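Structures are listed in the sections that come next.
Two complexes are shown next, each including subunit A; its partner changes from subunit B in the first to subunit C in the second.
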Partner chain A sequence: MEMSWHYLTQQLINALSYGSILALLAIGYTMIYGILGLINFAHGEIFMIGAFFCYMLVTFSGVSFLTGFFAAIAGSVLTGFLIERFVYNPCLKRSPEVLTVFIASFGASLGLRNLFTMIFGDGRRSFPAFDFLEGIIITESGIFINIKDLWIFGVTLFLVLATTLFIKYTKPGIAMRAVAYDANAARLVGVNSTTLVLVAFFIGSTLAGVSAVAYGVSYGIVNPSMGYIIGLNGFIAAVLGGIGNVPGAAISGYIIGMGEIMFVALLPPSYSAVRPIFVWGLLFLILFLKPSGLFRPNVKIG
Partner chain B sequence: MKKTTKILLGLLLLAGLLFMADSFLRGYYLRLVVLFAVTAVTALGVNIVNGYTNIFSLGFGGTMMVAAYTAALLTLSPAYKKAVLHLPLWLEQMQTSFPVAMLCGGALAVIASTILLLPAFRLQGQYFILASMGVNIVMGNLAENLRGFTHGDMGLRSIPAYTNIWWAYGVLALVVYFIHRLIQSKYGRALVAISKDQELAAVMGINVVKYKIVSFVIGSFITGMGAVLWVHLVLTMNPKAFGLVYVFQIVAMLAIGGIGTISGTLIGAAILTLGTELLSPVQEGFSLLGFQIPPAFGLVNVLMAVLLVVIMIYKPRGIMNGREIWEVAGPRVRKNASS
Partner chain C sequence: MVAGYDKAQVLHGISLEVHPGEIVALVGPNGAGKTTTIRCITGEIHPMSGKVQYNGTDISEMPSHRIVGTGISCSPEGRNIFGNLTVYENLKMGAYLVHGRKNIKERISRVYDLFPKLKERKGQLAESLSGGEQQMLAIGRAIMNEPTLLLLDEPSLGLAPVVVEQIYEKIAEIRREGASILLVEQNVGLALEISQKAYVMESGQVKLSGRSETLEKDPYVIDTYLGVM
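The block that comes next holds the complex of A and B.
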């Protein structure tokens, strides 16, 4: 019993980074879904391109970690804006049908991923290591904690808090919640939703960029299809958290991340390859039992 | 001329063309002609669900995987199965003819898609799309891990080459005829009514759930047949064959050609099959006037994605815009209801 408790704690610590990566992605999904009513299918590619910006600059120009970090954010935000400008905006203007826009975003996602495959090849590239992130703390009870996991968790916590406060108390934040709740009513009282869409893309993409650096630091690799499965998991976290609910999305990111790691840890090793079944099983379960998610969603249901 | 005479003449013309193609085209070009028909069968099956009934499902990749593996296991030689797989003895010994394998593949596709996707019917809109996507991921994952049946990532090889031009176009002609009749029937009109306005259709006395399920069954069966034809043309099968990229290509075909029409689906399938094959030498790199053009894997998908986005912006209902080619070309007898 003593032993297994120790083992479980260790697994939870190991899941900190993965949970943080999902939490940051989930906030991006939830904000854009909240304001546009659309799954941003290309969010995983926004994430991937951020990681590549950081990787390229640090590996080939030898810039510092901080520059690489901001380059990732810049890359993600640029991608987010380009997608908004050239895919969502013209689609929504011409035909408000959700399916059309969804297919277009599906196209944008596959197109960007294949563009990067074309340029960089589909192989994994090793993400640079940074000295201050390396090292392990060993607690008295013998639990190993990576310094980088602590950093990732700390930065994520800060960003989640900042985003929550922004959404809750600032004027654009309140306006965003209003649009998510009832776009027409918000327009009637003079909310400019065009700017707000850009704000949502800006925040979502920024968080995706941070998440991408966290992924690179944590797993040590980048590749063009890195955003696919993890992006879908991030979206599942957003659904679990109640669409439009920022802290809910973040907490659900950790729930899914830790659940997935635990699922692998508790089952015999021969089952570890069936990880996706856990995540999708969980999604089906949630959508059946509580389609609005675990936390209160900020959208009108029905 | 009477309508039946016209159809018979058309079929005769098609048979003549196919006979010529079969005798004069060789290797690569013949394969291309066959591949178009195979892809068109798949796309038409998907179109019944995603187009006419307007249940936008991405789960057909998983359905196709089930059909393709089923048919491959039925047509592979017992010696090969004994060598690489761990199957129950009856399945290992069994070797059926191609039509039986195709029917079994279609039937299992129906069963699999019903089990996997019926629960998802309770979901609405984009949630359903996402859940159906999960079906692909989970099925791909299972195929990678059930090595006894699928040989995992290594895939199945030496599948007998049953799909020829006659099989492919025979099935295609049947499917086109069947869908055409289906859509003209009371049943098909109910499907189109559901796709326009589900609540209104229900108020009119259409049993929405029943019609949706039947359309799903028919669509899955045709898609499954497409997968069986595909696997006996390509002759290998692996868990990634019907992955996201394949699903994307089929969706792109439907969306570009015109979702919810037969001719749009055929046009989309033609554009994308020919485009993919013509551009694939560019993808693999070549030398032009002494310059070495580097390979660019994924170029086809990038161009396809750009085309898809442009079409979605400027022609959201595809090239055919919800009409059939004979409705556009011929005299407009009835006001068309689907634009």
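The block that comes next holds the complex of A and C.
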């Protein structure tokens, strides 16, 4: 086997975008889980709809990249709010049992995916390319670095940092951690969690929208089921990172992203079709060895 | 007031009053309905019939996050501090409805004066505190709101006698600063000693009530709770 340092580095660089996409998604899962105590299975569709907003506007109305970028965020946030308002809110009010909400969440995911398949068909559509994102840097040692990967990594890093600071130092951020730990005690000091739930959906969906643009730019395609597998991977990253832990989720997004790319890179090509096994195997290992995740979760344990 | 959970009625018509500046003790055995009474006042549950009035306003149907704003704070049973937050962040949460950075800072330093231990541990996660320190934190968090009525649910629960004594000294100090206190205790002797008025609850009803010094000498109370040899 000719597994050189050069080859490995190249693979890690290639994983930068994929890791960033997962990191941004994982933060959304972890924030919403932290505050609502539920897995938002429709998060992958919040991501997909953001991508479609950007794709539609840029392709059919010829708007600039920046407008498309904000349109993706707007599409994701809108979807997030609608899901909160019409699925989780009534569900939690009427029967706050985990199973009910879990099924509702699953239903919202399937429903949205199928709605978009009905409208757009399940074929892949090509996501527009943008000049300033094109181009490759070749280092002296012969490593190829895509300009767009650098952009995606840079923007992600900035957003992860901003969200982490928000959670750590601002009043709503501290309150969100408090609610995640003990919602009743938080009410007793005056926290109205309804507002905080919306804040969590806003931030989570915004990051999903950015992640969606990163996906479009990176893979050049959009389709209605694009959020399915990648959403599950983002969720696994959130579990790996310790539920409710924002930087933990982001770091785990990169761990899974890089792990998955390495899994494909190090094994013969015929194995690349089973790459989901790597991710699910990893999830199994975490649940088995360290159910609370690699980093400190923000929820009460045991 | 009548209250309970779903179909299980816990309180069978009780009535109690707390006047400004006094410590009122609510004592009785496990399951008497003491905590349920507290939860009716904090709005965690709403009475099935009857009213909770505070300064002349009916707060029976108010959600708990709004009741805090009227000046009622609670240090709940089992303390319920935010274990994933630091001591400092817990205190900040206690002032969630308080505006003004300077104001909050002053209140935090007042809590630190009252409980110097908390100052030493301000950067530590609340989970890592000892039981006594967690109780101090729960009380400190509750007084960050500068309540006019402070509800203390079993502040001595699971603590060593020396620590209980320290905490009771602080409770007396908080009262001297002007708050009225409704104190739920299983340790009847301790509660009667610090309070001016007391209610003895049994199976969801008020069995006895009156001045604490009178109750201390009541044969029934002595027989049942103070355990004279």
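We take it that the second predicted complex is superposed on the first by the 299 of 302 C-alpha atoms of A that agree within 3 Å, B and C clash if a C-alpha of one lies under 4 Å from a C-alpha of the other, contacts with A are read in each partner's own complex, and residues count from 1 in each chain.
Just so we're on the same page, a contact is a pair of C-beta atoms (placed from the backbone, for glycine too) under 8 Å apart; a residue touches a chain by one contact, two chains touch by 3 or more.
Since we're looking at a predicted model, the values are computed, not measured.
Undergrad: Do subunit B and subunit C fit side by side on subunit A in the superposed arrangement, or is it a clash?
TA: fit
Undergrad: I'd like to know which partner A:111 touches here: subunit B for first, subunit C for second, both or neither.
TA: first
Undergrad: In the superposed arrangement, does A:99 touch subunit B (first), subunit C (second), both or neither?
TA: A:99: touches subunit B, not subunit C.
Undergrad: Which partner does A:284 contact after superposing on A: first (subunit B), second (subunit C), both, neither?
TA: After superposing on A, A:284 lies in contact with subunit B but is clear of subunit C.
Undergrad: Applying the touch criterion given at the start, work out whether A:274 contacts subunit B, subunit C, both or neither, answering first, second, both or neither.
TA: A:274 sits against subunit B, while subunit C stays out of touch.
Undergrad: After superposing on the shared chain, does subunit C or subunit B touch more subunit A residues?
TA: Of subunit B and subunit C, more residues of subunit A lie in contact with B.
Undergrad: After the superposition on A, what does A:239 contact: first (subunit B), second (subunit C), both or neither?
TA: The first partner, subunit B, only.
Undergrad: Of the partners subunit B and subunit C, which touch A:121 in the superposed model: first, second, both, neither?
TA: Only subunit B; A:121 stays clear of subunit C.
Undergrad: Check whether A:138 is in contact with subunit B, with subunit C, with both or with neither, and answer first, second, both or neither.
TA: After superposition on chain A, A:138 lies in contact with neither partner.
Undergrad: Mind checking the angle subunit B, subunit A, subunit C on Cα centres after superposing, to the nearest 10 degrees?
TA: The C-alpha centres give an angle of about 90 degrees at subunit A.
Undergrad: Look at the superposition and give the distance in whole angstrom between the closest pair of CA atoms, one from subunit B and one from subunit C.
TA: 14
Undergrad: Does any part of subunit A touch subunit B in one structure and subunit C in the other, and if so which residues?
TA: Comparing the two interfaces on subunit A, one with subunit B and one with subunit C, no residues are shared.
Undergrad: In their shared complex, at which residues does subunit C touch subunit A?
TA: Residue positions touching the partner: 42, 44, 63-66, 68-69, 73-74, 76, 80-85, 89, 92-94, 96-97, 141, 145.
Undergrad: For the complex, give me every residue of subunit A touching subunit C.
TA: Interface residues on the subunit A side: 171, 174-175, 177-178, 180-182, 184-193, 244, 296, 298-300.
Undergrad: Taking the touch rule as given, give the residues of subunit B at its contact with subunit A in the complex, in rising order.
TA: Residues 56, 119-120, 122-123, 125-127, 129-131, 133-134, 137-138, 141-142, 144-145, 244-245, 248, 251-252, 255, 296-299, 301-302, 304-306, 308-309, 312-314, 316 of subunit B touch subunit A in their complex.
Undergrad: Please name which positions on subunit A make contact with subunit B in the complex.
TA: So the residues of subunit A in touch with subunit B come to 38-39, 86-87, 90-91, 94-95, 97-104, 106-108, 110-115, 117-118, 121-122, 228-229, 232, 235-236, 239, 273-277, 280, 283-284, 287-288, 291.
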